[in-house]
Structure formats: structure tokens, C-alpha cells
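Chain nomenclature is as follows: A, B, C, D and E, assigned in order of appearance, with residue numbering initiated at 1 for each chain independently.
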């Protein structure tokens, strides 16, 4: 099995060796880099093809109906047909839209998606750029999408996209804070920002067992970051028509679709890397484990999209600032306490202490929530 | 049931000329100018708090506006008020201040029948567009409407 | 140019075009996105066609886009009244180019049971070029699916060379009628 | 530009949720003045589906009008038929045989269940559920439409009732099929409730939104589930007890805190009551005639008559003036959704864009009946 | 180490080139039929009423400020979290104080009603 495990890693070394024979070293490295970039882009396109088809089939099954099954066997080629159609679709730039911003937005929305792909550890040794500031890099790049979507909302000079753009600003900046705070717990345990070392830190026990609450906060704010499921206010179909991409057609809309779906997959992949131990797994080759975990979390994303209604904008903001941020802070401090107390004593006390700590936090939250509800009910009765 | 209400109304408003019309649904015919007083009396004193329907009818000699009133507390049986207005310049006092529910219905009667309602907050057309000439539900209005020249003619 | 040379020359030119045409049309046929836009009772039958029993998501038409900008097919489902006609034509104009119109139900085809009344347009084809007519009042979801299949066959029959949206001189912009004092008036010859 | 004098001068946007909008249930337009996300003022605009029903009613004979009533509120065609047919029967004093009365009640109560299921599905669509509750409701509706098709020949536009009864007697396979569908209904309603009633996001989005106090509801002459969710006990089946509703015992659910969530609960409870009525009707249905022989040229006597029934959306009434000829002199439809919409601006002030959509969904309008 | 950032530079260029190339190729192939009504803004089938680019609510600006405070806080937390194992209990207490001040700021914003969204 070892050969199968690092299939791609050996492949890249062999190509590098083959090139190095007749090219100077720097040229070989350059070509290797270009090859990895090409491989990343192809991976992104294949993922979106697969995700789009999977999403429509799975949500179809939730709704008791078949998804697309006429295009190619089992409907696999559905997104290829969509791509061809969107490729040959006319592109309209509204007259009174701001031309430059309107056309810049779709380009800007795709750039962060590809940049984040570089840092994801697909398998042992299979990471395009193992930065030692991996997670900080992801947070920095992912806030670029906020600007791109705001440009789209403001640029197309349409009332609905303006509302969508304003909502995206409010939502994404509010959910970045709890996302980062909850991820800090993980970084504290591994002592390094690089995703590869985070995954190696989880060889004995995945962090979800140590920090279930941290995972929950991270997952909720990651969904909100990517405008999916209960937090898809920026393109709320029933309220503001199609939100920020109301005026986009043809290839520009395809860019938004590409960015949206791949961002969703990336968020699922990062959640898998941070909390479920990316490619750590008993028998299967590492990259298979990575995709299994990523698609398991992506299934939960689809599940939410199929069932839950949407939050209103002020409830959304209230949830972020009044519930998630304080909870994330408390979780961070308690994790710090637990980490120092069980510093040298090995694995078992650490797991035990963190589970007890999490239980305490959840109990505290439930008590405060019940107290708040009772007080609110008294206020109502009095009013 | 509406017979006793009619008696009480006659005592209350001796000088107005009220008539009791027999028929499947007995109705009370009221003059246009004292409609508002009678309506307020019915609403406050007699407890008719629910105005179900406002209808305009185009009779050969007059326009008629029919109000169906119910009281939610007591019992069944509509109390029907019939108000007639002149053919040339139909004008009836509006009851929106008593029952806000009549707002859209009166606008619709104005829009389709052409009966103006004095005192209505914003009497505009509700079903047809603003610049439309003519009131379709009048008997002299052809059902196909006025054919506009150009595209309409061909089809 | 005798008959054989003409055909030979056609065949030579067509081989490249047909393969591109095939892919081009296959792509467009299998991802026609209808616009989420319903007028009257036929709209409800369209929703039933999208529901679980007669699901037209199987043909890849699942993305009912609310905006005309991302839609390919305008399903005029229901009675087109004179007050609504300018909006329907404006929505058609705002759709990007390879666009199709499906007139669903007797009202959209010819005014249906409400034909020749003061506020109903006798059929949408007075204002829009209609590609597929689906009769019925309302047509059953199966009839609508048959209409979609006819549309797919029509799309497959088109070629890049002859399709109207690639040719310069074809005018694809429909004039938006204006609500005049007595009814709809085309901007060109509004006499009133 | 209307400026709102808040601490800082901010301009308002005039947005129109126009005729083509995913959640206006058809071609209904609202001109909304927004300050940020909060509604400053809302003005409904209708008439985009005005199909001149009342003018056509005067051109048609009495019998020809029945198919037109199907197209009024195209989700519950049977109850429109019932309203019109009972008005003409009251005008012409026609007696309806027992079996026909029972068949009518069965059909109307099935329509009520279909309408409430679709209304809840549409409300959830507006709240953001990606079509899932709507498709479950439509699936249930398909089973009931099969029953209509078996009885009247058409899925949606049934045209099944005539003056003095119904057009055809029930086909032999109808009763067992009806029993199986009615037996499966409570399970569907429970599943619907399990998915939605305790759904935390649904509760937050619907509770305390669009509160309609009882006196305002009566003042704005709202009827149907909208009125009963405001705590006013007024169900025309109980008040007028027309047809044979007095033989069935069912109770009328009322709301307690008058908001969108209560309208949802009232509709769910009414579906359960309709199932109760259906069960009793299935037991008591007698054998016998289903229609009365009428002269070929049907001329009702002179006079005017107003008859109303409890359609799933509210009080649906027909006011007919007959001058003794074959065509009605005046054919007026009192449509519940058109009048329920009068209260929409009042309900929506101060709420957010997302709430307007939820409130409109809870009022449950169908444009065929609003614009007639 | 350096090669990683070189790789990211190349990836940035590729990431910008990919959408541009895709849109340019689509620009060559797609039909072009501009028209006055087609270019008009979409608003549910009607012309837009009033101005779209208005001075939007000031609420968004205040929210941005609250965000900036908390984002800077998280940036300070990064080095602390990374070097956490080497630091002793003392660093934890210090961080308690740092976060305490911030939670105080959050409660103040909450009480002032800044976190309300209208």
C-alpha cells in the first residue's frame, strides 16, 4: 500500500527528476510550479462539476424527486452542458451600471478561491505551498471575497443588488470574528499556524473530540462566511430576487457560480483539516481520507440548504455579536486553562479535561438562555 | 331580523325617508346625503362592525351602491343598505372612516363603475391603469373595450 | 456550379461546423433555464411540472432563475393582460441572447376564455416571437414536458450560421408597448 | 427625495417588488419605500391579472359562468363553484338532493386541505426553505387532484357542480381511494408539523411579526384564517351553517398572539378539522340522486341575492341581480383575498424587507381572485 | 521557504488570468445584440423609480468600527496562541485581562444599542 499512499508525491518527484536531467534546476522548479498551478485549476473545475451535479441530485432526493439524469449517464455531464451554455450566452452590462466595477467584480471574486486552494493539505506531502502562516493566510485571503461581492452589488446599480451587497458586507465582517476565535483554540493545541502541522498534531486524536464547541462555532460562522444555507441572505431568492448577482448574465454569472461552489467546498475542506484531522486515517490512502471528510461536511451543508429557512438580517447580526463572539471568547479562555493544567501529563487527561470543560460551557449557556427566555416571558406578560 | 333594525332606524331618524324593500334578501334603501349618519349609528349603536361587500350596479335609470353589513357578535343575516345616485354625476359619501376595509372596494367600484366616493382618502383606479378612459362595467361600455388602432386591430 | 460540386463543397464546409453545432446545441439544449415568472393558473401547473411527480429538473431545467439576465426561456404561463404586457415584453428584451419563448395555455396563445375583453391581450404573439405553443387551459404537466421536448428538438435543429442572434441585420429587440388612454399602443405609431 | 429625519440625514430608496417577483404569488406589485432595510411605507398595486370576469359574467348565461368561477381562485376551484352554484340556487329556489350535498362537502373540504398545504408551502418558500416544504405539500396535492380528476374529469379546473347538485355521480373506485387518501392525511400533517412547528428559525422569523389585533382585523373586514388567527371566532360554516355543515361537528381554531406564526398554526389546525369533517361525511353519505332536472333554457326569477361561503381563503360571496333573462344583469364576486390585502400596508410598516415577504405569504393571496 | 511565496505569486497571476481568459474567450464567441431596453436596469419588469446610489444607512459604518476593533484583537491573539505551549500560566492570566477589556467594550457596544440592526 505505501506506493498507493503517496502516489502523487512520487509522481511529482519523478517528473521533477526527469526535467532536471536536461533543464537547469531553476527551470525545472519553474515548470513544476506551473504544473502544480495547472493541476490546481483543473482540480477546481472538476470539483465544481462534481459538486454542482451532487448538490442538485442530493437536494432532489431530499425533495423526493430525481435530480438531473438526462444529460450523460446519471446526469454527470450536467455542469458541462451548463458551462457550454453559459460560455455562449450573451453578456449584458447595464447602461447605467458602473462599467469598470461591474466587470472587475467577477474576476476579483474568483481570485481568492484559487489562492486558498494552494494551502490546503490534500494528502501527506501533497500541499502546493506549505506556508508556516497557513491559517492566517486563509483568513486574510477569504476577506477579499467580501470586497468583490460588494463591488458587484454596488457596481450593477440595481436596488436589489445594492441590498444584497450591503447585506454581504454586514454578514461577512460579523462572522469573521467568531470564525477566527474558534480556530485559535486549535492553533493553541498545535502551536503552529501551518495547516500541515495542524493535521500532524491530530495524529493521535482529532481536535473535534477536544473542542466540540469550537468546531460548532467554527462551522456556523464558516457557513455564514460563504453565504450558504440558513445564512444565504446576500442572494436571498425570495426577498431580493437574486441579490448581488441580479444583473450578471452569461460568463460573468458563471464566475460567481464557480466562486460560490468552490468556496463552499473549501470551507468544508478547511473544517475537515482543522477539526477532523485532514488526511489522518487508518488504512485508506491519505488523499482518499481527505476527500471523504470534506464531502461528509459538504453533505451537511447541502442538508442545511435543503431544510432550513433563512434568518432575518438583524437576527443574523444578533447571533454573531451577541452569541457567537462571547461564546468563542469563553471557549478560547477555557481551552487555554485546560491546556496549561494538563501540560505535561499526556493524552488521556487532556481529552478528559477538555470534554468536562466543554460540558461546563454548554451547561452555562443553557442556564443563561433559559433565564433570558423566562425574563423575556415575564416582560411580555407584564407588557 | 332586519325588520326590527328597520323599525329602530325609523325611530332614530324620523325625518329621513327610509324604505324597506322586500325580497329574498330584505334591504333598506337610504338617501345618499344621510347615508353617513345612518351608517355611523348602525356601527356604534347596533353593533354592525363588519362591512362585508360594497357593490355598484348600473340600472337603466340610476346607479345603485349596495352595502352588506354583518355584526360579528350577534347573529347571521346581512343588513343590506341600498343607496342610489344620479346617472349623470354619481356621487356617494365614502364610509372608509367607519370601516377601513371599504378602502379598496370603493376604489374598485369607482374604477369599474365610475361612481365617485366623497371623502375617500385617495380615490384612484385600482384595477385598470391611471390614464384609462371609460368605466368598463357600465352597460354602454362594449366588452372588447375601445379597440386601439395599430397592433390591436390586426389580431 | 453543378449539383455535385455544390453538394461536395457543402459537405466539406459542413463537417467542421456540424461537430461544433452538435456540441453547441447539445450544451444549450440540456441546460435551458426557465425564468421563474408565472402569470395565472398555468403558472401553478408549471410549478407542479417542477414538483416531485413530473420533475423537469431531470432535463437540467431546475435552476428557475428569478432574474431575466440568467434565463434562457421565458414561459408565458397565464393570461397576458394589457396592464401586464409592457412588463412581459420588457422582461423578454432584458434576457440575454439565445432566448426562447414558450406560450403556455390558451390565454397566452390566443387570449383563451377571456379573449376579446377590454383588459386582455389576444395572445402574446402580438408582441413577442413565440417558439413553442402548449395548448390547454391549463395544459397538464405532461403537455408542458412535451412542449419542453419540442423546444429541445428545435434547439438541436439550429446551426450557428443561420441562428438569428449571430446575424447582424436581424432585429431581436421587441418594441415595448405603452399604456394609452384606450389600450396598448406601440411606440412607433401611437396615433392617440 | 423623501428624507427621514433621523439623527443623521439618510435618503430612502423606493423599491418596487414588482409584478415579476419570486414571492408575490403571481403578478402583484408593492411599491416599498425603504430606509436601510426598514419599511417606511408600502403601497400595493394590483390589476395585472384583471381578466374582466364580472363583465364576462354579464355576457354569459348562468350555466356558462360555472367554468369561469374555476379560474377565479385557481387553487381551490371546487369552493368557487360551490359559492356561485349556491347563490343561483338561492335565487331560483332549487332543492339539492342529499347525496349531492355530501359530495359537495367532501370536495370542498378536500380543496381546503389542498389550499392550506400549498399556502404553508408558499409561506416557507418565502422564508427561504429551498422549495422542500412546498414540494411535500404539492405531493399531497397531487394525490387529492387524482381524486378530483377521477370525479370531475379535470385536475385543476373541475367545473363539477351544477345548479341542483353535481354533474356526475362518484365513480365506483372513488370511495375506497378517498378513504385511503383521508387515512393518510393525518400522517402527512404530522410530518409537516414535525418539520416546521418547532423549527427554531421558523419560530424566530414568524413569531411577533405582522401582529394584527382583533378590532383592526374586523375593521379592515379581513376574513378566513387571517381573521381567526387574530382571535375573532367567525367561521361562516358555523355562523350561516349553510348547506349541511350543521350535521358535522368540528371546531374553529383561533390564534392567541395574532402573528404570522399563529396564522400558520391556524391553517395546520384547520387541515385537521377538515380531515375530521371528511371522515364524518364518508360515513354518513347516503345513496340516491345527485342532480335535479332543469329546463334547457334556465331563466331564474327576477330579484337580487347575495350568498357567501367559507372558502379556504375567507368569505367568498356572489351578489347576483337577475332581470328574468338568461344572463345575469349584475354578477359581482366578493373576493376574500382582494379585501384581506387592504390590511397589508398597515401590517408591514416598521418591519424589514424579509418580513414583508413573510406577511404577504401568511395572508396567502392568489392573483386570479384578487384582480378577478 | 522562498519558493512557496514565488509559487503564490505565480498562482496569483494564474488566478487573475484564468477568469480574464475565460471571459475573453466567451467575449469572442458569444452573440452581441445590445439594445436600449436590454441595457436598462432590471427591476421586476418596470423602470426604476428614484435614485439607486443613495447615502446608505450610517449603521454599516458603526458596524465596521466594531469589526475593526475585534479583528485587531484576533491579530494580537495569533502570536500568543502559536507560542502558547512555551509560555506559562502567566501568559494566560495576561490574556484573560486583555480579553476582559475587550469583552467590556463589547458589552458597552451592546448596551449602547450599536449591535441592533435596523
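Quick notes on this one:
Just so it is clear, contacts are C-beta pairs under 8 Å (C-beta built on N, C-alpha and C of every residue); 3 or more make two chains touch, one makes a residue touch a chain.
None of the values given here were measured: they were computed from a predicted structure.
When the partners of subunit C are compared with those of subunit E, the chains appearing in both lists are A, D. Seen from the Cα centre of subunit B, the chain whose own Cα centre is farthest off is A.
In this view the innermost chain, defined by its CA centroid being closest to the centroid of all protein CA atoms, is D. Distance between chain centres (mean CA atoms), subunit A to subunit D: 44 Å.
The distance from the centre of subunit A to the centre of subunit E, each centre being the mean of the chain's C-alpha atoms, comes to 15 Å.
Separation between the centroids of subunit B and subunit E, computed from CA atoms only, is 59 Å.
Shown for subunit C are the residues in touch with two or more other chains, namely 51-53, 66-67, 69, 83, 87, 91, 94, 97-98, 117-119, 165.
Along subunit B, residues 127-129, 136, 141, 143 each make contact with two or more other chains. Residue positions of subunit E touching 2 or more other chains: 30-33, 36, 38, 40, 42-46, 52, 56, 117-118.
Chain pairs that touch one another: A-C, A-D, A-E, B-C, B-D, C-D, C-E, D-E.
Interface residues of subunit D facing subunit A in the complex, by the touch rule stated above, are 13, 15, 21-23, 37, 124-132, 135-136, 139, 195, 199, 201-202, 204-205, 352-355, 357. Every residue of subunit C that touches subunit A in the complex is listed here, in rising order: 23-24, 26-32, 51-53, 55, 57-60, 62, 65-67, 69-70, 72, 94, 96-98, 165. Against subunit C, in their complex, subunit D makes its touches with residues 18-22, 26-27, 47-52, 55-56, 67-68, 71, 74-75, 134-135, 138-139, 141-142, 155-157, 367-368.
Residue ranges of subunit B in contact with subunit C, taken from their complex: 127-129, 131-134, 136, 141-152, 154-155. In the complex of the two chains, the subunit D residues touching subunit B come out as 46-47, 50, 52, 54-56, 59, 90-91, 218-222, 232, 234, 239-240, 303-306, 308, 315, 317, 319, 321, 329-330, 332, 334, 338-339, 341-343, 346, 371-372.
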